[in-house]
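Below are two complexes that have chain A in common, paired first with chain B and then with chain C.
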Partner chain A sequence: MLKKLFGGGLEKQVLNFIDKYLETLHKATQCLHNLIKKEEIETSYCIENLEREADVLRREIIAKIYEGAFLPYLRPSLCNFIEILEKAFEYLKICAFEYRYLNQNIYSAIKNLCIQVAKINVEMCLILQKAFSSLENKKEDIREKNLAIRVCEKKIDELKMEIMESLRNCEVCAITNFWEGKNISEFIEALVSISDVIEDASDYLYILELSLK
Partner chain B sequence: MFKIFSLITVLLIAFGIGSNDSCNALGISIGAGVIRFKKAIFLFGILVLAGITLNGNTVMETVGKNIVKLPLPVVCLAMSVSAILIILSNWKKLPLSTHQVIIGSLIGAGIAYGATINLFSIQKILLAWLTSPLISGFIGYFFYKFMEKCLTGFAFFKIEKLLRIFLILSASLISFNTGANELATVVGPVAFSSQFSNIFYFYLLGSFSTFLGAFILSHKVIETIGKGIISMDPLSGFSAQFSAGLCVMLFTWLGFPVSTTYCIIGAISGTGLTKGVQTVKISLLKKIILNWFLSFTFSILSSYFLTYLFFNFILTLK
Partner chain C sequence: MNKKAKEIMNTKLETISPNATVYDAIEKLIDKRIRSLLVVPENNEDEYGVVTIRNIIFNVIIPEIDPKNIKIKEIASRPVIAVSKDTHINEIYFLMKTNNIARVFVKEDERIIGVISFFDLLNYILVEKAKS
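This part shows the complex of A and B:
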């Protein structure tokens, strides 16, 4: 009777879907990390598959929210959170796509740095998952998670500078072809942008938590 | 005949309370999507009946017995003036307080009839009208601070879940007060001047009329209020509504008829004060004071003239 009066079923479903969505993002970043590390082109297709899965989840989340889950005050914020993360899948897809066409001669100069960036992206996803679960059960401090994500993002910014520097100073892999240059530039841009999106999402969660207090 | 006529005026005013004041209780909860309109209205109706039955006696006694003792025909005239003023104000969308109109009309009719007015009782009521928004603001300020501290230990989605329950709780408290204070003010004068064999049927009719008013006419008002309030954060909304509910309950217990709307305005100002003085709208407070003065004096004057005309000219002509 009380459950019928106060509801709560829809909210539970939305929270489960968001958990799954974050798990999918984590798997996708892990997939990219494996791709760059093992250099197996076939594994790049897992990112597209995961992106499709995430798209289905995103639609479910937004539909459930507009069916009436949560106070109206929170609904746009939760939808925005999911839409911010959607950009991360876009960047992951670009990374996977561009990776297939990279000139390995040029790429070899920055390979190790790219692996480091991809690894940090995976860590950031895990921290984001923990940050979100702290909104459900206050086991961890969301502020700490937010700070940890910011530190990771700073590391990636520094790595980006190093990648640029390595490419500029590389004599054996000088870029002379426009398409090769565009290809590597887009790959790097997408790879380092994933962390920006995760940082934005983490900031959003932090603000969301403050909004009810 | 007077008995039936006075009953009709009571039902009309109760209908007005249902159509207008139900948004005080249900606006936030329906706007926030915590409860659906039909379910909320039924809950409102039941709690109004519970309010007047269990807690309405003190206010009814103050309004019906302590201010002025009048015979049924005079009460009938005063209640007719009140009903006309309330219907007109609803129609013209003027924010007249039901309490001030009814008490003003009773005083006006009492003076014209030559009855002894209990000035001490009126002074106490005026003081209650002045202090209730202030006390409500005071409760609102501290209650908001208290809630803020209490909720820091909970996870975000737990707070959201709790707030949904709290919003229903505060809506129920205001609904209960609507019966115990607002409806009791309307029912009081008629209940004490005419001897009803079973007063519960009178409560039942009054509550049903309030429910009907809420069911038929309140939809749009609730939608407007609800959408306006949900832009406010739910914790502030709940704190303001619950504090106002506590304040009205306190005054009901003391036997004073006070306006829930003004208490809610006071509580909103109180919760706003926690974020700084600039959040309080001084122009709105001035408007409320002017409105108090105007509705009270206007109802005294109109009721006085109508009763005077009735007893000095119409009855003489007959």
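This part shows the complex of A and C:
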């Protein structure tokens, strides 16, 4: 739809940059999943590199939009979409950072659940990419993608409850140190917030589609 | 639908003792906002069962039997339909359709380790369709 209505050079550049931005987000979530699954601390630095790449793309997108791409009423919506997704990179970075300092005795109680959450985050990113592609090309209804993302987010909410329960009921991993508690709390909060951001972005895409009709 | 049962099953199983009352089951179903409970075996010779809202409504509520006076083992459905964790989703779908059931349990050796309901199947299909 976006390509059909706005096939100009600047618009195409913006759409390409947004595609790359979403691809970078997808890679970052995959990176986090690999980090948690394989427990390779060095992998955590890839997220910071990808976040920097995403920052460059974000500036390019916003600059091109305000150079004159798209009609004025669409510009804030596209900028807001990118600003929403920027929060996902923040959470990914926090998650990777906190992971390096996790107390493994405490973390072992929730490790499998965290891996599941990270895997679902990767799937949600992929679906968001496809949703944006649908919006660009008007191939499929974006509603199905939006619904799938909401289903995934609900699953993560359930996993979050399980993680909290596991931590509270774990006898061998009692948290007695403030910094350990803060560390695991921020790790979990960041990990489960990524899906909230992707869901918000998906809802925003849906609103964007409605506004184009 | 090429995934296996272990990949989509829900491992959070809500169970109830066969000697608990139907009223206990009703309380649990309402508190947890679920539609069924796995009835655990009484002893080594016993088998798993399942009690659903449907069982309770048709066998207890409508006949106006006092739920506090009837035990779960009197209305539970036995045996449960269970598959191994490596069973393909297509087979599970086929089992649900031919047996007209809303859930299939997943077992490992003789222990029930998870359940796949209509919702789990629907969620899986929606997400796979969106990814493709």
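Keep this in mind: the second predicted complex is superposed on the first by the 206 of 213 C-alpha atoms of A that agree within 3 Å, B and C clash if a C-alpha of one lies under 4 Å from a C-alpha of the other, contacts with A are read in each partner's own complex, and residues count from 1 in each chain.
Everything below uses one rule, namely that contacts are C-beta pairs under 8 Å (C-beta built on N, C-alpha and C of every residue); 3 or more make two chains touch, one makes a residue touch a chain.
All figures in this text were calculated on a predicted structure; none of them were measured in a lab.
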Worksheet item: After the chain A overlay, clash or fit between chain B and chain C?
Response: fit
Discussion item. Looking at A:E209, would you say it contacts chain B, chain C, both, or neither? Reply first, second, both or neither.
Written reply: first
Discussion item. Going by the contact rule set out at the top, does A:L74 touch chain B (first), chain C (second), both, or neither?
Written reply: first
Worksheet entry | Which superposed partner A:L25 touches (first chain B, second chain C, both, neither) | neither
Discussion item. Output check: A:V151 vs chain B and chain C. Expected answer is one of first, second, both, neither. What do you get?
Written reply: second
Item to complete: On the superposed three-chain arrangement, identify whether chain B or chain C touches more chain A residues.
Response: B
Worksheet item: Who does A:I84 touch here: chain B (first), chain C (second), both, or neither?
Response: neither
Fill in: Smallest separation of CA atoms, chain C relative to chain B, angstrom
17
Discussion item. So chain A touches chain B in one structure and chain C in the other; where do those two contact lists coincide?
Written reply: none
Discussion item. Looking at the complex, which residues from chain B come into contact with chain A?
Written reply: 31-35, 39, 148, 151-161, 163-165, 168, 230, 233-235
Discussion item. Under the stated contact criterion, what part of chain A meets chain C in this complex?
Written reply: 123, 126-127, 130-131, 144-145, 147-149, 151-152, 155, 158, 162
Worksheet item: If you look only at chain A, which of its residues touch chain B in the complex?
Response: 5-8, 11, 15, 68, 70-74, 134-138, 208-209, 211-213
Practice prompt. In the complex, go through chain C and note every residue touching chain A.
Written response: 12, 123, 126-127, 129-131
